[in-house]
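Pasting the structures in now, so scroll down.
Both of the next two complexes hold subunit A, though its partner changes from subunit B to subunit C.
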Partner chain A sequence: MMYHQMPIPPRSEHLWRYTPWPRIHPTKTDDVPSADDVIFSNDGPQVLNSIQPSQDSQGDIARAFLQAAGGSSSQMSLNDESEPIHINARASGHVAVGHLHLDVKGSAVVFLHISGEPEWVGLHITGNLHPNAHLAFGFINELDSNTKFLRCEDWQLDRDSSLEHATLSVGGFRCKSDLRTSLNGTGSSVRQSITVNADGSRHDDKHVEIHHHHGHTQSDLVMNSACGGNSHFIGTGLLTIAEGANKSDASQVFRNLLLSEKARAEAIPELEVLADDVSAAHGAASAPIDRNQLHYLMSRGLSPEEAQSVIVNGFLYNAFSNLTNKQLLEEMRTRLTVHLECELKR
Partner chain B sequence: MADEILRVENLHVSVEGTPILKGLSLTIHRGEIHAIMGRNGAGKSTLANVVMGHPAYEITSGRIYFKGEPLENLEVFQRARAGMFLSFQYPAAIPGVQVGTFLKKSVASVRENPPKGREFRKELNAAMDQLSMDKSFLSRYVNDGFSGGEKKRLEILQMLLLQPHLALLDETDSGLDIDALRIVAQGINEVAVDSACLIITHYQRLLDLVKPHYVHAMIDGVIIRTGGPELALELEDRGYDWLEVTA
Partner chain C sequence: MTDDTQDIIGDYKYGFHDPENSTIRFDKGLSEQVVRDISELKNEPEWMTDIRVKAYRHFEERVMPEWGNCALLDSIDFESITYFLRSSNKTEKSWDDVPDDIKNTFDRLGIPEAEQKWLGGVTAQYESEAVYHSIREDLEEQGVIFLDMDSGLKEYPEIVKKYFGTVIPHSDNKFSALNTAVWSGGSFLYIPKGVHVEMPVQAYFRINAKNMGQFERTLIIADEGSSVHYVEGCTAPSYSTDSLHSAVVELIAMDGAKIRYSTVQNWSSNVYNLVTKRAVAHRNATVEWVDGNIGSKLTMKYPSVLLKGEGAHAEVISVAYAGKGQHQDTGAKVHHLASNTTSNILSKSISKDGGRSSYRGLLQVTPKSTGCRSKVVCDALILDSDSRSDTYPTMEIGNSTSDLEHEASVSKVSNDQLFYLMSRGFNEEAAMGLIVNGFFEPFTRELPMEYAVELNKLLELEMEGSIG
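Presenting the complex of A and B:
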């Protein structure tokens, strides 16, 4: 279905409850503005080819809108890559849209850095992991603090493939992400870590869907957010295990650290389990900084401000603890450290 | 006698309106090791926490002096920087914060002329060797997933590195096996040479390895008897009931 044929999704839908479509649309919902290209580039030998964007919106209004808006569309094919690949996505103008497809047949480590100062950016990333492919993917959002950002991702994992997926979300003013992974083959697995640092009046909404279509599949999601000022973070998850997908193992943990009285955070994991023999666990917690932790650090000579900063940094670092790919882990932590040091200097 | 490090005068402390310490007095000088023994709930940990400045405890009357200066206006971190150290009974876990990073920050905050770079690593390695700690400790998160014994060793490692003038050791011997106890005791003895030590314990076994100059028996928020190391043996042998009768 085309964008204009779609009804505006009601807020009763899990996905649109906290950031309804009109709030993330760049203008008015019946409008599809002319979009500039998000420019993709990389320094390595891998080639970014121009392609036609996928026409499969999955009946989702955000994906349909990104298709209708056009923008750039690139694809990269990855086999066994010895060095990490850094793809830069540069956005500019009023409204900028980009589509990126990764086709993975071996092992690769890819970092996508998005930056720029447009009023609105839309990004649709799709990826196919072929049998026995392994991808470590780091997404670093360093957009301008006034930018609205819509991001959709769709990952298809074939048998015995694995995806390690890390997000560092520190940029943008109002962000909505809808990240979906389908475990389509037996033995496939996804580890996903999301770290969000929100301050001022930043609004960040992360919706993560993981679908176990086959048995003997694994998923592990950790989402940590630290919210200060008037910021609002929303983490919603949908974990489904299909009928017959026995021996699936799934875990989702959402943690929010509230650093001010006006900061808000929602953590809503959801499970739909139709198989009998599975392991599925989920947990969510939102709390201010633990006073015992503060006291402990202060008893070691750290001032209250230093102690709080150490606890917040540790909390954000900890979201990446479920990653096993060292290059991914180190790069994400380095980026986080740089961000936190810049924050401290402001 | 050597310099006075800690003086507690007629201290009354409450937690959420419940009186815990009811007129406790105690003076410790440099080079002295004091041990406090008492039943559960007698107020031993309260004393350590209130001296360190835990905000949950309210001093209703009495005063605490550190090196002759009143403490009430100093926040916890200022007390640490002044040279006070508390080895916690239950140290807090700080997920995501590596032990190595934490120790470096802490030493830089507390010591007047903190060692830097290679000098710090050398000192750290020596202290860890002394406590038979594996270097992999440094990349683990502070107290996160640590066994009871590992937590206590980390506390003593911090004490060695921070070189306090006053060390408050709150049940540092609990959760330690015999070998670990010996190693930890060695660390305490080293610091005690030039500092004042207050050891809170239930058991004689630590005091076999760290010889106290004074042992205090505490009941219901006050020190009811003070003696030498023989008092600890007597308490271990007879319990606390006889003290109440004598009092």
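Presenting the complex of A and C:
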């Protein structure tokens, strides 16, 4: 269905409960503004080809909008890559849109860095992991603090493939992400880590769907957020296990650390299980910083700000602990440390 | 009972029905006139008629919920339902005076026996209105008011007017609007300051007629420092056409009061059970919902507590069993509206024979509520490959000093546990039964003993044939 034919989703759909479509749309909901390109670049030998973006919106208004808005569209084919690949996505202007497709047939480590100062940026990332392919994917959002950001991702995993997916979300003013992974083949697995550090009046809404369509599939999601100022973080997860997808193993953990009186956090980890021989669990926790930990660090000479920063760093580091790819883990932790040190110096 | 009927009823032991012998029966369908006629028939004050009409108009305007099992909700035909049916011309105080056919029904359900043994008071509601009501004299002397809701409105209009619809306004949802428009029966319970009602009071709700709508309204007020345990049970015959049960239950626990509200819902599998239950807990008050859902075709019920006063506490323990053709969409909602409030939610569900159980919950901490604590645990067992289990929890945290945790798991019965029990001489069915009873044990231990025994028996019946 085309964007203009779609009704505005109601807030009873939890995907749109906290960030309704009109709040993330760049202008008015009946408008599709002409979008500038998000410029994708890569320093390595891999080629970014220009392609037609996917026309499958899955009935989702955000995907349909990104298709209608146009923008740039690139594809990269990956086989066995010895070195990590860094793709830079640069956005500028009033409204910028980019589509990126990764076709993975071997083992690869890819980092996507998005930066720039547009008023609004939309990004649609799709990926196919062929049988036995392994991808470690790191997404680093370093957009300007006044930018509105809409991000959709769709990953299809074939037999015995694995995806390790890490997100560091520290940029943008109002962010809405809808990240979907389909485990379509036996033995496929996804490990997903999301780290959010929000301050000021930043609003960050992360929705993660993982669908176990086949048996003997695995998923593991960890989402940690640290919210200060007036910031608001929303983490929603939908984990489905289809009928007959026995021996699936799925877990979701959502943790929120609230650093100020006015910070808010919502956690909605949902499960839909239609098979009986599975292991599915989720947990969510929300709490302030432990005063004993603060006291311990301050008694060793750290200022309150430094002590808090150390605790936040440790807490956010922990979100990446389910990753097994060392290059991915180290890069994400380095980026996080740099971000927190910059924050401390402000 | 014919063989055909027995086929429909299956193992449901309360599936019998009596010949309908109504003294007043409204035509099927709902209109403003029906609402006004119910109010007129009950000789209600004008303010109540106005509330009913207002609620009816809201019901007409309000769309069906766009979440939950929309397919089943949309299949409800509001025009095929009878909204009022009177089986007896008055509420009897002596069991002997209850009409024979109705008395026989409740005799078979064991109500008089239970009353003699362990109840502080009992109300028996048959179709739209209470047919029998009694309370122990010593409680009455202490000022405890326990009446059916219609009598409560007649005898204590000022109390009812003060609290009716304050916890659940008619505009809360489509079904609370429907209930407010056509409510009939239910319990009115007032516990004076400092009075502790040691024995539980009970209400029993029975639908007997086909295509019947039962819309009881319950209001319980526990004044400062008082305590009470209220128990309700529900059954209906198994017909091939559906009935609707849409109750509204409002609890008000004043400072330091404690209310425990226990339900064992065992409607037959042709009943839509769409109930709104909510409590307000003032300073240092405690509200406990103990909620068991075994029967019905579709249950949508999320007992809630508004923790309005500092130090208030909420406890929700619920179990759901979803068998063939059943969807138990249950859960709990706790709103921490004041500082230093605490809550615990424990939910357990079993899905079997293609049944679907869903936990849907909300935990909210408002920005000004400091030092709140809450823990939510949801466990689900799926006993076969045709069944389904969902968990839809929501945590909205607006205050940084709150400590909240939620955990949930979905699994099948552990082969190790089955093997352990079978190696000690149990056959597989008995071993499975023991594990299921153990799984529900945190719930059954909170029930009065008679209810716990009854619940275990019901589960045993439901579990028969679950192996192989």
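Throughout what follows, the second predicted complex is superposed on the first by the 343 of 346 C-alpha atoms of A that agree within 3 Å, B and C clash if a C-alpha of one lies under 4 Å from a C-alpha of the other, contacts with A are read in each partner's own complex, and residues count from 1 in each chain.
As a convention for this text, a contact is a pair of C-beta atoms (placed from the backbone, for glycine too) under 8 Å apart; a residue touches a chain by one contact, two chains touch by 3 or more.
Everything numeric in this text was worked out from a predicted model, so none of it was measured.
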item: Fit-or-clash call for subunit B and subunit C when the two complexes are aligned on subunit A; value: fit
item: Subunit B versus subunit C as contact partner of A:D276, first or second or both or neither; value: second
item: Which of subunit B and subunit C A:S260 touches, first, second, both or neither; value: second
item: Partner chain(s) touched by A:I39 [first = subunit B, second = subunit C, both, neither]; value: neither
item: Subunit B versus subunit C as contact partner of A:N318, first or second or both or neither; value: first
item: First, second, both or neither for A:A68, with subunit B first and subunit C second; value: neither
item: Which of subunit B and subunit C A:L302 touches, first, second, both or neither; value: first
item: Residues of subunit A touched, compared between subunit B and subunit C (which is higher); value: C
item: For subunit A as apex, the angle formed with subunit B and subunit C - C-alpha centres, to the nearest 10 degrees; value: 80
item: After superposition on chain A, the shortest CA separation from subunit B to subunit C (Å); value: 15
item: Contacting residues of subunit A [partner subunit C, same complex]; value: 10, 12-14, 243-244, 246, 256, 258-288
item: Touch list for subunit B against partner subunit A, complex; value: 52, 54-55, 75-77, 79-81, 85-86, 88, 91-97, 102, 105-106, 109-110, 141-142, 158, 162
item: For the subunit A and subunit B complex, residues of the former touching the latter; value: 290-293, 295-304, 306-307, 310-311, 313-318, 321
item: Subunit A-touching residues of subunit C, taken from the complex the two chains share; value: 65-67, 367, 380, 382-412
